[in-house]
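Below is a structure I'd like to ask you about.
As written, the chains take the letters A, B, C, D and E, and residue 1 is the first residue of each chain.
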Amino acid sequence: MQLIPDPPGKIIDGQIFFEGENLLEKRAKDMQYIRGNEISMIFQEPMTALNPVYTIGDQIAEVLILHKAVGEVDKKEIKKYDIIGKRKQKKNLKKKSIKKAVDSLRMVQIPDPEKVAEQYPHELSGGMRQRAMIAMMLACNPKLLIADEPTTALDVTVQAQIIDLMKDMQRRTNAAIWLITHDLGVIAETCDKVGVMYAGYIVEFGDVQSIFDWPNHPYTRGLLKTIPKITKKRGKLDIIPGFVPNLITPPSGCRFHPRCKYATSECKKTPPPLVEVEKNHFVACHHYEDVKLSVISKYQQVKP
Amino acid sequence: MNDEIILKTDHLKEYFPIKSGIFSKVKDYVRAVDDVDIYIQKGETLGIAGESGCGKTTLGRTILQLIKPTDGKVFFMGSDLSKINKKKLRKLRPHLQIVFQDPASSLNPRMIIKKIVGEPLVINGVAKGADLEKKVLELLKTVGLTEQHMYRYPHEFSGGQRQRIGIARALALNPDFIVLDEPTSALDVSVQAQILNLLKDLQKRFGLTYLFITHDLSVINHISDRIAIMYAGKIVEVAPTKDLFKKQLHPYTQALLSAIPIADPNIKSKRTHLRGEVPSLIHPPSGCNFHPRCPKEMPKCSKIEPELKESSKGHFVACHLY
Amino acid sequence: MKTWEYITRRLILLIPVLIGVTILTFVVSHVIPADPAMHFAGGPKAQPETIERIREELHLNEPVLVQYFYYLNDLVHFDLGKSYLESRPVTDSLAQYFPATLELTIFAMLISIPLGIVGGIISAIRRNKLSDHITRFIAIVGYSLPIFWLALMFQYAFAYQIPILPLEGRLSIGVSAPPPVTGLFVVDSLLAGDLEACGSALYHLLMPAFTLGFATLALILRMTRSSMLEVMGADYIRTARAKGLSERTVIFKHALRNALIPTVTVSGLSFGALLGGAVLTETIFNWPGMGRFAASAVIGLDFNSVMGFTLVVAITYVLANLIVDLLYAVIDPRVKLGGV
Amino acid sequence: VETETEIEIKNPDTIVFYTIGDPKTLDPADAYDTASGEVIFSIYEGLITYKGADTETFYPSLATDWSVSNDSLTWTFNLRENVKFSNGNDFTAEDVKYSFDRVLIMDAPESGVSWILSQCMDTNSTKIIDDYTIEITLTDPYGGFLALLGYTVGYIVDKETVEAHGGVVADTENEWMKEHAVGTGPYMLDHWTHKTEVVLVKNENYWGGWDGKHVDKVVIKTADEPATRILALLNGDADFAYIPYENLEDVEGEDGVIVQPYDSYDVVLVILNTKSNNAYLAEAEVRQALSYAFNYQSAIDDAYIGYMSRLPGCIPVGMPYYETQNNGVPVYDYDLVEAEKILDDAGYTENDDGYRFNATTFRIFYNAGNAERLKMSLSFQQELTELGIISTVTTEGWPQLLHRMFATSDWDIIFMGWGPDYNDPDDYIAPFVGSADIGQDTYNTGWKNETVDEMILKAKYTTDHEERSDAYQTAFDIYIHDPPMIFIGQRQYIRPMRDWVQGYSYNPVREWYWYDYYKE
Amino acid sequence: MLHLFRHSLLSMIGLALILLVVFIAIFAPLLIQEHPSYVEVSTDQGTTRVEERWDINFENKLLPPGPEHYFGTDDFGRDIYSMVVWGTQISLKLCLMVVLTATIIGVILGGVAGYFGGKIDEIIMRVTDVFLAIPYLILAMAVAAALGRSIENIMMALIVVWWPQYARLLRGQVLSIRENQYVEAARSVGASGWRILFRHILPNSFSPLLVQITLDLGAVLLVAAGLSFIGLGASPGTAEWGLMISMGRTHMFHAWWYVTFPGLAILITVLGFNLLGDGIRDITDPKLRR
């Protein structure tokens, strides 16, 4: 969405295609149109992502007015110097958009949406805030919703509500959702496709089913094994040795090699390409075949 | 594990006063811990689980007398911690330790690791000089750190390493009992596994007793022997881990367990949906404080507060259904 | 808590502070190992009876504690005593000088706060660009300069070399003061419909108010800049951008209001600094205000005046801070008045 | 500095004077400070007055003529008729008696100024003969009686006005009269804003009339900062300005500015504490030596930038009887050799470190903010060092310094000054060298000589010129060799002004008389 | 930490200015043309002290700057260059003494108030409220007037007005640092209140304190100059910058050098401290280090 502040951040290279167009070639004005309207984003921290000094209703209404979802101030109809008329028109518009904002709050199952629209973010709980955020971002029926760890900061019970809500909203609006999370459980429950990222690289990408069943990258595999599972019997947890590398001086070659038991000298030198190992399943590993074999054997042992 | 009860609370309460009005009168209280009775046997791990803000940390701090309880008693190896004087309490401190939720803020950023880990030893006059250095090194080795880490500052460590330092500090005085307040919730999953393994090892080696606080049920399942479920300052269900995961009695526990997403796309969970949000601890609902969200609410729930009763052996629940 | 309840509470809390202020100034002014009676009586030519009479009037022959109780007793009867330097009641002096200083201070704030905020925003938006460096440098030089030196330079430049501004005073010679209502000439002249006096008053305010406000301007600029930078990195700004808002709206609607919160505090605090700085500014621009009054009272050991002055200033200052706190609540809905 | 060749006259109908200090009161019965006098002299009038620069002749004012009895005790004044106060009330003998009695009854509790009249008058002194004749019988004969009436304390107020606003209460000042003024003088008070300005406008009822050239308005501005006053004079805002000596060069020679010094009676002194806990100052030789150690020329040139002349003794040059003091020639001159000799002869020799008096420290004080005294004291300190005398220079606030001087003996040397109340030598010699026994020793030096006291009293109560002359001479010959103070000089009086001001003249006993000035 | 300064040109300039001033202060005796002399004098209390004196020579008064007198002479014929250079020591000593003493008092009181809370806190904070309710220049004036005119008394006066803001600052710091878990950790191993205050809380309030101290070093100098301007400054004859300005300002129009050089000295020093303080603030404030 080109929201990385510049400076210090900069998109160095590459392209982003949205509906066939490269977003990086767009002008700032066009990007502003796309943001919120066609692509929306929900952020990790519902506590800080809402402006503390405006009411929920105001903040949602703002998007609506901006993207003209409730009609427009007609400049011609009213004379230039008719300040009162303009104000009236603006007020009307605001009223309308607030009404619509209340509707969208109702849509995300916020009880008593009229009241909530008049409240400030700090007066709401985390779950409510996140719902308001979702309402705000879905208000203009975007085609793509990017959700950056929308539930990480929330409680399990509330998390469950939000996940269900998002699935429900997706059914209704038919938006594509791009969910960013580290909670494998959430992914398993909600996603169709999954990409696994390690130190700035996508190391594995494919259908959820195949990735959870047949992880082909040693990192993905390790990851799946480290989570304590309720359904699994207790004992020592598997671990991935070592620590997450820093990205200032990342390891050479394959960035996972210092923690990988399959690592060879090749891994140290060349970063592995992302290859399609089966239909809709991509992996970036020099030794994915070895991994696959060991997974199969292990998997077969575990599965009765 | 033996049956000796190492720690026990008796109607423990912790109310934080809220002041307001012209002369800062106490108007209200945050009932963070409200009438909690738990016991822990030597060598076992009691898990405390519950939603954020339900009072888990406060319970841990109150047990360790880091904040004075408003009411109720805490018995540690027979003596009532809430009654004894400061001096005696300081003498008892080495036996009771805590590992904090946030490894970043639990280490003084301006002290080197040697000082941090050595501080308990110095304060309690256990070791000095070269002896101190030896001891600290030993502790670091126990938690998987090395000599070269001794002279570094906390910010030069990763989250997992910092948590190890916190554990080393807690171990310094050979405690019997450690409160682990969400020791892994700030950590990556891959690192979380390392720490959990370490804790289990240490428990075996030193015969430690843990009070393990977390909101992550999969973690608690992994590590604890018994689990207490906390809701809005109160314990609603206590049971051995295996029992609890097999059969949850309290509707809240049921909802909580069903809400956990399972990292397996093949298993589709059936959810018990909860209405509403975590209640305010200032004005908790009347009667059973879960009743506004409870799918099985009965008329008497809003009037009478249920007591914690043993429904089957070792399985306690506070609900009018049973 | 209701607003009025909060205000009452703050006003009640003001009482111990004010008692403290009287004690403090009383102690400070009475540890002086000199008795001012001789001075009040007119120096070497004074008659011994006069000196003795003044000494008695001021209770200078009594122990300090007793003197203090005499003072407190008068104070609760709203009697601040007599100013021996001006040979009139202290309340008369205050009634004359306080509005003058208030007018100067208010205009200093009216000049420095908007300029400081605008400068701070520009500086923050164009961070580390040349204009940022220049703005910051001017600002920092602004509060590194002795204010009296700045005042003298302005006076020399704009009242003498390029005589475009009046040298001193509140009104031009020949313009008579408007009938006193508030004591603020600008307000009073407008009330009286006297545009000439209003113009003259504004004209005379320009230079002293700017001089006085310069350091505050710098302070506010710096504050706005850093809080603006901080706010611009906040999550909700990212959200605002993600909504597709234009950069203008993001800065002026979403960032500024949040960034103003610390600025408001600084403005409140700087009010005290302005009242203090007025001592120097008023002397140079011959502004008949509290600052000059205080300076001569302190030097002349006119205890009653010093005490009356500090009391009034303390009340003003505390009230200014109360207003700031109320403003806070307006800007930031998270702030609960007197909340825990 | 840019020179503007032709400045237009600013405010042609107004005289603007930038000065320091604020009047303390506008009540003639209470006023005892210069700033108050500057205003009162033009609002109120006395029976007699001065004209122009002449200090010797008494001119008729509210009295048209007067006579004195042979025993010098009874004075008869014929009053001017058809004089009105600025409020329209008529001026009569009632007002005169009321005014004098008011001074004596009220007894100016604030300033104590009534002593000037009570020297020779009481409430029985003044008698009304008829509406326009008055007779004053003195309690004691007094040579300077007319001079007293020329001072503001002898000025006439309107009985009706005062009675309407509080009247006369013994030992209590009249608050209304402090802030308001109704007199017979050429100007009346428009308004007085404390510490800012006093504005006078012309009194249409003035008996002298408004024919001829006068200004309609007088503005006396208070400005504490010298730079403000300098700039105001230079840019023409000010017609007169009070400028400190060290800043005179900033305005001197500037176009349109006149800097004209006049001789004044303002004397500059160093007082020496003969009862100090530094016992050496009790010795006459030591004080003589100090008088030789003072660098008079440096004080004149460097501290007063040349605007000062030597003072021969207590009585300033120009005042009657000044020539009784060594014909007006100073006895002491700057002469360190002589000073050393005196000290050596007296046995106060230098020790091994080169210090006299067992390295005792002489404490010099002056009041903070006085630039001239600062220069003189640091310079004097340096001279003392040459002599082998250790000294310290300390500056103190005026009230603190007064306290030190009168309430303690913790001082040795203080720089001081004195200005005239009225034109009579008694106003100088008595306070300076008269002892506490005769109610004097104004500077608390502790100095006392019975013969001198006797001479002072003798001179005061005689009207015989020769007798007075002899008495002052006898006193002088005694105190000048046992000096309780160093007589430094008489500073000159300078009020720089714009050259468009006409009609200005300086009179040391009545500084400002706005009626005489106009702008052209 | 030094490498961080490189990102900020202004703070580099500040550091350079301060280093220059410190250098001058240290080597002042070697740099000046004329030296003060010293006289031992006895005081009223019967003790003795050494007084610094600059020779007066009216023949040389108000000479313009030139090779003989780099900055010209004052109205006593004293060399302004030598006095300005000499004054560096005096000024640095003045502001260091004031700020450090105020810091110590403020840190102790603020620390105690913040850490122990309750009644002590209430009392200390009410006292600071009282001090803060009076504009500092006025309070300093009153104290200076009460004590008399000398450098030592100016220091006293400034300390009296300066400590409360440190008490405030430190209390705020303590209250926020106290919430850190390492403080609780220290308590859980049995550390005493004082130990926690001195070992854990104070070291961690160092950064904001340092910023405040640096900025205040400049501010103190300005207020001292302001006091001199009103006439409550150091005793005459001292080479204190504020005093020199206040004496020189009457000669402003005919001897510009008299006020200018001490004025520049103040400006440079205060500017240096302010730039440096700003720089340190930027560096130590993680929120701004983006």
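FYI, a contact is a pair of C-beta atoms (placed from the backbone, for glycine too) under 8 Å apart; a residue touches a chain by one contact, two chains touch by 3 or more.
These figures come from a predicted structure and were not determined experimentally.
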Review point. Among the other chains, which touch chain D and chain E together?
Key: C
Exercise for review: Determine the chain that sits nearest the middle of the structure, using the mean of its CA atoms as its centre.
Suggested key: C
Review point. Among the chains, which one keeps its Cα centre farthest from the Cα centre of chain B?
Key: D
Revision key, fill the gap. Computed over C-alpha atoms, the centroid farthest from that of chain A is that of chain D
Review point. From the C-alpha centre of chain A to that of chain E, how far is it in Å?
Key: 53
Point to revise | Whole-Å gap between the CA centroids of chain C and chain E | key: 23
Point to revise | Euclidean distance of C-alpha centroids - chain A vs chain B, Å | key: 32
Point to revise | Inter-centroid spacing, chain D versus chain A (mean Cα positions, whole Å) | key: 90
Point to revise | Sequence positions of chain E contacting 2 or more other chains | key: 145, 231-232, 249, 252, 290
Check your understanding: By residue number and range, which residues of chain A touch two or more other chains?
Key -> 5
Check your understanding: Where in chain C do residues touch two or more other chains at once?
Key -> 32, 152, 156, 233, 283, 299, 301
Study note, to complete from the structure: In their shared complex, chain C is touched by residues of chain E numbered 9-10, 126-127, 129-139, 141-143, 145-146, 218, 222, 225-226, 229-232, 242, 245, 249, 252, 259, 263, 266-267, 270-271, 274-275, 278, 281-282, 285, 287-288, 290
**Study point:** Residue ranges of chain C in contact with chain D within the complex
**Key:** 32-36, 38-39, 41-47, 49-50, 53, 86-88, 93, 96-97, 152, 155-156, 159-161, 163, 167-170, 173-174, 176-177, 283-286, 288, 292-293, 296, 299-301
Point to revise | Residues on chain B engaged by chain E in the complex (per definition of touch) | key: 61, 64, 66, 90, 93-94, 96-98, 100-102, 105-111, 116, 119-120, 123-124, 166, 169, 172-173
Practice item. Would you pull the chain C residues touching chain E in the complex into a rising list? Key: 16-18, 20-21, 23-25, 28-29, 31-32, 133, 136-137, 140-141, 143-149, 152, 156, 222, 226, 229-230, 233, 272-273, 275-277, 279-280, 283, 294-295, 298-299, 301, 306, 309-310, 313-314, 317-318
Study note, to complete from the structure: Within their complex, chain D touches chain E through residues 1, 226-227, 230, 244, 246-247, 249-250, 298, 301-302, 359-361, 363, 368-369, 371, 374-375, 378-379, 381-382, 385, 390-397, 400, 410
